[in-house]
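Down below is the structure, laid out as structure tokens.
For reference, chains read A, B, C and D in written order, and residue numbers begin at 1 within each chain.
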């Protein structure tokens, strides 16, 4: 499965915590069991939505192992394996590969961003790519990391045979088009959120990694299908309809909003790990009414 | 003509200067005469590309009057009429209307941006709209002004019957989709550059105001046509082909680059007004080779 | 007077408007008459605080002429003469010189900021300096313009004999120290606000252009005096005491806040020109209580 | 020692790596042995300069234990204990306390910055402070984290008896003054770099945590002493003289520059851990000439 180009609709799955903020691997596995029979093409473990940043190393390994086992080959499995150091990134990537992950999604190191120039970033990704048994994708998430990669860097990285794609969460149409115009043919560009999915597709993206897919896989996949079938008016209407619910589980309320929404569709949600705070009652009601207003509760898409 | 929704492909035309950096209205009129017989649906006078910011009040009036006369009703004419004060904006808008302009494109005031909140911006645009004999469009150009308008402000402005559209030069797919999902039906969203044209169209934009249209009107219009005809593969390929030449006349070399390119296609170009500097010989050669590499010199699109 | 190094405490004076937002030159002259007998070392006409950005060319000339006449040689007079084009900047600078202004304060052009690199900015300031009969100061106001000048550019400009200083409104201690370490000896660095005055002085600034000086000249000047006399504990305490009232008339409420405060000390204030909005009653009360809490109403500093 | 207010000049010590980028604890201990007999008032382990971000949990513990042992009570020892999760921050803080560290320096969590509002940050720091056996300082490093804390948040945190100070690496005079004007009396504000030391001191800072102190402790401490003795002209001259060498080991060349400079003064340096790259030969020569030009090589301060 790893040999083909990554694409379609993947959900960056939420990591579930129980009492005392400990990992609840059973709940995670239960959610994944649902996704493995859903319209989703795949899942991403340990993405930003998966709260990888607050997980200790042994917790990250547990999530990866649980996730691969729960999906059991029914869908593509990506895993976030990036870390601040090149060596730790390599270790995590090798662990993911050994656990059976299909693709590693490697976020940019970012703490010492003032010194992470083209030479540093190219060397980092090439070292990871060389040492990885599975294909890797570059993961740019500037809203959280404060680090963007200029298009020429991405174009250079796309020449490496084991760097097969990128998730760019910026949602900037110009950046997406610039990438598509300069990367190696076959290099996959994936939208980073449902809110930029249609614009990314029309520019040549192969799909998207969309947090909203955790909650409502069907309409996310439908948007992809409508585009592929050339039903542009329907695709446009659906894209606009998904904007508000997508914002509720990403930019407006973040992971706490996503977990609140999971509860609305009978999946495991709960609270994010502190310092992230859960939603207030008013915020929770807003999430519900936003999904209801978009016709996403209790009815097929 | 003013009654219909603005759309299609418009070029924000370059203002031409002669010796001593004085206005060359004859050269401007000559270029406009070409555009009036071109594939363009219209022109925009006194846009950012038209160097409005370095023109004195009487020069702005001369450009508007010359432009309307040169176009002579053959194409839609917009004119930039924004100023830092509400009163001066109203004066310039009324002058444009009196001169025969179809639509006023009103850039956000921006100097005292820390105090230009929703209340200030809504009051400004409503006062201008109330006093304008012609329909107005909001013009957001955050890269130059440092001021963006949040989507809810734009949605509120779209309810006014004399505010008929927006040119948003951000090129951010999420912002465009958020606008389309919340503005009044019939409110026109126009792409602000050729580099975001296809993504804007798929989200519901009615067209674009594209600097590249000054140089090569035909391929810019063709991109719109291909999209409208559902020929998405061709549209995507053309969009990607236009990225590099578009950058050469906008983000990379700015107005000096655009004027250099005008010279390549036998239109009047020349130098921008200082402090903008003309291109070096190397930069000029780069503009030429970029257009040549994209197949835009000497051959039909 | 123009031959000496600019320094001390200057107020960037508010421009006063009457009914229908027209200039009230008599009110401006009355305020200036008070300043000319105050602890202030000088005044700045047509600064950002003076709403230069919303004044038409003939209004700017009227303010300069009125200001010089009202001060009548009793204090240093600076005037803001910057414009987006080099040619208009030169015209306004020459007019100010002819009217009797001592120093021209030339704000960076900024609209086409993506193209205003070192070469463009150096050429601009050198052309202005060459053609100016009076010494000029560079004015960097990045919060409004979005354009900062890197220290090496400032150091290069400081080598020109007719560029005698800079007002940097950033208030960043590192930038101030970098400038002081690299500019030509004798080049004056002026703090751009009362909130950074003491830190600027300890790094070698010759004084400051401080909006708060419009309202309470005495304590602003006292802070300078305390520093010069080496009374650092008192200077520190006064600096901290001025932070809240300074914020009320600058960063928090802007020009509307300043004009409200002018009313508290029996100077002409009124409303700013739209799109700037006047303060609400609650905001007005907050300005009053802030000044009262700092002991700046009705008592000597 | 922990009961007194933190202040004076502390160096955020470099973590030293050997072949294969492994920790070289002996080299670290050797450097610390020198610092313990130097003009420095203390050291900070696991700061940004100490590359904490690329260290695994067990490596962080080893650095803390080695550091406390090497200093052996001769100087104040702080340690960076912040992590993305509140729980991991508490664990690391408790470990540092158990190891004998005097103060914990707790960097802001920052990955999910869009959701780290006042409520989240106050709860985080209060939970850490409540559970910490030693006093903690807040560490704001917006250039790396992309997260600043507004002054009112800092003022609120300063009311907690176990939150005793802040290191703010912004170097912004206005922010420092705003903090000094609003924090609890006795709350220590520390400059975050030698480049803002004098400006911070004049506003009431108790000292600084300065990377340059790794290389040349004596002049850094001298700057503090000159200020305290009221020798302002000498202090100003020294501050300006330190700007260029400070930039070489911080903003310009980062940790690689600092490690190169350590080699110039016969301390252990070496290479940073990838993805940080070592300096080129030209960059290395620039560091040397910068220190030499400032008179910091081979001569007493």
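We take it that contacts are C-beta pairs under 8 Å (C-beta built on N, C-alpha and C of every residue); 3 or more make two chains touch, one makes a residue touch a chain.
The shown structure was predicted, so the numbers you read here are calculated from the model rather than taken from an experiment.
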item: Touching chain A and also chain B, the following chains; value: none
item: Approximate Å spacing (C-alpha centroids) for the pair chain C, chain D; value: 36
item: Mean-CA-position distance for chain C and chain A (Å); value: 50
item: Residue list for chain C, restricted to those that touch at least two other chains; value: none
item: All pairs of touching chains, each written as two labels joined by a dash; value: A-B, A-D, B-C, C-D
item: Residue ranges of chain C in contact with chain D within the complex; value: 171-174, 176-178, 180-181, 193, 195-196, 198-200, 202-204, 230, 232, 235-236, 239-241, 243-244, 247
item: In the complex with chain B, residue positions of chain C that touch it; value: 21, 48, 53-54, 56-57, 84-88, 109, 111-116, 119-121, 123-124, 127, 143-146, 251, 253-256, 273-277
